[in-house]
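In the two assemblies presented below, subunit A is common to both, partnered first by subunit B and then by subunit C.
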Partner chain A sequence: MNFKNTMHRIGLFVKKNAYAHFVVFGLLLVVVNLLRGIVFNNFFVNTVGIFLIFSIAVLGFYVLLGYGGLASLGTSSFIGLGAFLARYFVHVLNMPFMIGLVLIMLIGIILGVGVGFISLRIEGMYLAIITLAISEIVVALFRLTALNGLTGNFNGVSMPRKSILFGLISLTTENMFVVIVIFFVIIMALVYNLTKSPVGRAMLSMKNSESAAQTMGVNLLKYRILAFVVASVLAMVAGFLYMFNQRFAILTEWNLNMSLNVLAAVVIGGTASIWGIVGGGFLIFGINAFLKNIDVFVKYPSLTLIFNGLLMIIVVLFYPGGLSQLYFKSKYYVTAWLKERKAKTALKKGGNQDEVTAQN
Partner chain B sequence: MKLLRKTKQPKKDLPILNEDVVLSVRNLTMKFGGLTAVNDLSIDVKRGEIFGLIGPNGAGKTTVFNCITQFYKPTSGDVYFQGEGGKVVHLNDVKVSDVIKHGIIRTFQNVELVWELTVLENLLVTHTTHHKAIIAGSILKLPHTRKEEAKIREKALNILAFLGLFQYKDISPYGLPYGILKKIELARTLMVDPKLIILDEPAAGLNDSETAELARTIDMIRSMYNTTIFLVEHDMKLVMGISNTVCAINFGKMLMVGTPQECQANVAVREAYLGSE
Partner chain C sequence: MDFALFLQLLANAFLPTALLVLSSFAIILIFKTSTTTNFAQGMISTFGAYVTALFFSKFGIPIYWSILVGVVFGFLVGVFVDRGIIRRAKIVTPVGKQMITMGIVLILLGIIPLFVSFAGDIQVPPIVSGSVRLIYDEVRGYYRVIISNHALVALIISLAILAILFFSLKFTRWGLAVRATANNEKVASMMGINTKMITAVSWAIAGGIGSLAASFLAGTMSLLTTSEVGMMTTVQIQGFLAAVLGGFSTFHGPVVAAFIITITRSFSDYFLSQYSTFIIYGIVLLVVMIKPYGLFGKKVIKKV
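Entry: the complex of A and B
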């Protein structure tokens, strides 16, 4: 009895607590990893890993677009920079994993502040174009022969699987998956905190109306810079994990397509809920990776792009709020339907009783 | 970088304002290119009064407004604000997002609420400025931030209850009647313990009964919160009904300032509104 009671209380806690949701999600993913080779094949688990990595960048973009109201088309170059620097710091310069990560985050902060400053002068679509230009410049710089040690130019760079975390855990494929899951859950919780805080509210008011936000004491420059810093740091972290997971990166991968995919994930996910964003990330990065293995899609690679495009058109046309809107709407309809059914049955019973009393 | 360079202006000696003056606009002129929207306007707003600014369309009311709240930096002239304890602030030197820190807050003609937030959270938006290290505190959900959050939440709930909005606290303001939205904006101004509330055409878009309700609410706020209200309004019934002092302007120049009765009797005001013979 006591045991049942405690279980019930734990259940309630998990149901109510948002952080518990994140942890449960993480644990489920770890279980998936444990069942690698038994229930799920290697390909499936690796695809989930890639989806998680890119979802970290998507979470950053969610803060930027969904809360800051700012658009960027340069995400891919940040992810790419993170990936190349990860190899350079850890493999070439022989730094420990954690120090490399901290350095990369610092660089992300500096770059984010830079783009944030630009964003105060240029707005909307023009800002997106500027970020696209910045990203093209970064990619052009990657091509320089002087930077061949960093990017390997058209050959790409690879990294042997020898890193050891904290001198204890060797980063095998299986362990790396767990590391990714841990990163993902922590980042999800932090982003959730940010969006549900005074800072999140200030950003939303800035997105809604700049003049109103200023009246409420929101310093536009500060919050724009913050939005860009969050987006660029998370993109660089995603790149960092990508390098450790894939052990290979090539600069042609970090193109406009990738940036658009990140944008699409946020649009399709909808900004009402963090789970919508994860869903959007899965639809774009997870499903795409699976599709790439289907024969038709192997034959015509551009079909995946068409798939993404169609998905986006459908969402923008019918569900501007994205997956989260779809979820909340269907939940609303289901509860309304259940209520109605309940009311109807109650009415039936009541009606019968009335008849009975009338007969008597 | 242009952003980093601060415009250096010699600091003005602050004048000593009369004890009962809360806002003093002196020789305010605002030019947009060749157009002079406000021309050498001087007004004093006394503590605790409801001050109405009226004028026909294009008279420059909104420009005066924006000069006070620092959305526009005046071409010339000064705006002084006297807080509690006789501390005078030269508002021209204050950043637009810092004006709220001095207890000056405005509302908007077309309600500016955040639809993605609930009514209660809309009130909390004003809270951003109130403590330091808010970013780290928010991301890591530090105890200090949580405590602050609980405190202002309670304050917001009290204000909502005071204005009879408690039932709406957990829903989005989207789709609520206009009268309620205006009230939510008023509730938001109360979050900062305002010394001066500036209302931009609060009655615009309201029907007669909503306007009457609004007048009651404004008066109630003034007496309960011991604050000063600066009102820009088209609705004469509202202005004449609740203002202590009315100032009429036309083409950026002051026509008269006085009690509502004086204003109604003034020939120049009548001519500005109805045209001269």
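Entry: the complex of A and C
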């Protein structure tokens, strides 16, 4: 009896607590990893891993666009920088995994502060295109022959799978997936925390009206810089994990399309809920996991792109609030329908009409 | 640097200038009438070039007519994007419109490989072959300046089209309507201007001149295969930069900026080789930091 009671309490806690949702999501993903080769094929699990990695960058962009109201088209170069530096620090300079990660986050903070300062001078569409210019500058830097040791120019760079975490766990494909899931859950919780805090509310006010926010005492410079720091650090962490997972990176991959995909994930997800963002990330980066099991898509791989594009247009056309709007709307309809059904059955049982309405 | 080298470097900028002025005009036209940046500009243009290539290689139509078919195709795609997709949105925000153009990029990225696999080997030839040679060096025995006819004709056609467009913007009823729509769409429509028509025509023109630019670019390539899908990406990115450098508030700003970018680029490519891109974008960044609304821009006053 006592046991049952405890279980019930735990169940209630998990149901009510947002952070517990993230942990449960992470545990489910770990189960998916354990069933690799049994229920899910390797390709499926790997695609989910890639989706999780890019979703980290998407979460950063969610803070930037959804809360800061600032658009950037330079995400891809930050992911690329993270990937190249990860290899350089851990493989070439032989640093431990964690020290490499901390260094990369520090560099992300510095770059984020820089872009944040620029953003105070330039706004809106101009800002988006200027971040595109910054991204082009970074890619041009990658191409310099002086930096061939870092980026390998057009040949790309690869990294052997020798890295060990804490001197205990070797980063095999299976273990790497778990590491990614842990990172993802922690970052999701942190981002959720940020958006629900006074900082998040200040950012939201800045997004809705800068002048009004300023009048209410919100320091624009501080929050803009913070938004860019979060976005760039998370993008670089995503790149870091990408390098360890794929063990190969090439500079042509970090192009405009990649940045646009990150932007698209946030817009499709909708900024109303963090789960919408994860859903949007899955539609953009992870949908292949399902599509590649369908024969037509295997025969013509480019159909996947068409599918993605159509999906994107349909979501933007009919659900401007994104997937989270779709979810809340359908939830509303379902509850309304259930209520109506309940009322009807109550009527059939011979209940008084007034009683039923009173209940409702 | 002697005169011959100067001339040659200027000539190297002909084709990039032809492409960039058309693309940046297309970008600014759509920005002014629809208040969005069209990410699909490059992709729609590329598709136009593939259609041109199909008509030239498979149906044996002369190159000028094939290019015209490609341009008409670009027109139709542009109209379809505006009329068929963007107008049907419930609530359109500028970011929403950007996402729609992004979706179109993905769809075209998917369609072109299928198109190529059905069409087979297709190509766009140079409009005019051969080249103009100037300044004969008697000591070494070769011409110091070689200008490809293709680039020359492409530049002349682009400038002619731009001249017509700017003339119409300034002096025709259509131009007046476009400027009114660009100024304030709501008020313009209240004054009896068919703003929906103006927007659709803008998208059509953008698609058409984009296709023309892509066909010019394809003329320098041997075969159009699936790997040439991204051929207009750099042009498009430079088009955006030109728009920022020149400022989004005037029509001529981006076009002038396009000239500045391509000519500077041609010279820096020669003198700075691999640091060129880095320098050009760095300069654009600096200028925009100093003048946030571009070289020809006006400050927009915000109200709460």
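Keep this in mind: the second predicted complex is superposed on the first by the 328 of 360 C-alpha atoms of A that agree within 3 Å, B and C clash if a C-alpha of one lies under 4 Å from a C-alpha of the other, contacts with A are read in each partner's own complex, and residues count from 1 in each chain.
Simple rule for what comes next: a residue touches a chain if its C-beta (ideal position, glycine included) is under 8 Å from a C-beta of that chain, and two chains touch if they have at least 3 such contacts.
None of these values were measured; they are calculated from a predicted model.
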Query raised in the report: Clash or fit: how do subunit B and subunit C relate after the overlay on subunit A?
Result: fit
Report task. Have a look at where A:N257 lands relative to subunit B and subunit C in the superposition and call it first, second, both or neither. Result -> second
Query raised in the report: Who does A:T304 touch here: subunit B (first), subunit C (second), both, or neither?
Result: second
Query raised in the report: Should A:M125 be classified as contacting the first partner (subunit B), the second (subunit C), both, or neither?
Result: second
Requested in this report: Between subunit B and subunit C, pick out the one touching the greater number of residues of subunit A.
Outcome: C
Query raised in the report: Between subunit B (first) and subunit C (second), which, if any, makes contact with A:A212: first, second, both or neither?
Result: both
Requested in this report: Tell me which partner A:N5 touches in the superposition: subunit B (first), subunit C (second), both or neither.
Outcome: neither
Requested in this report: Classify the contacts of A:N94 with the two partner chains as first (subunit B alone), second (subunit C alone), both, or neither.
Outcome: neither
Report task. Could you grab the smallest C-alpha gap between subunit B and subunit C in the overlay, to the nearest Å? Result -> 8
Report summary line: subunit A contact set shared between subunit B and subunit C covers 121, 209, 211-212, 215
Report summary line: Given the complex, residues on subunit A that touch subunit B span 117, 120-121, 190, 193-194, 197-202, 204-205, 208-209, 211-221, 226, 271-272
Query raised in the report: Which residues of subunit B touch subunit A in their complex?
Result: 1, 3, 69, 71, 95-101, 105-106, 108, 112-117, 121, 124-129, 134-135, 137-141, 145, 149, 188
Requested in this report: Under the touch definition given earlier, write down the residues of subunit C that touch subunit A in their complex.
Outcome: 31, 37, 39, 85, 88-96, 98-100, 102-114, 230, 233, 237, 240-241, 243-244, 248, 274-275, 277-278, 281-282, 284-285, 288-289, 292-294, 302-304
**Report entry** List of subunit A residues in touch with subunit C within their complex
**Finding:** 71, 118, 121-123, 125-126, 128-130, 132-134, 136-137, 140-141, 143-145, 209-212, 215, 255-257, 260, 263-264, 267-268, 300, 302-313, 316-318, 320
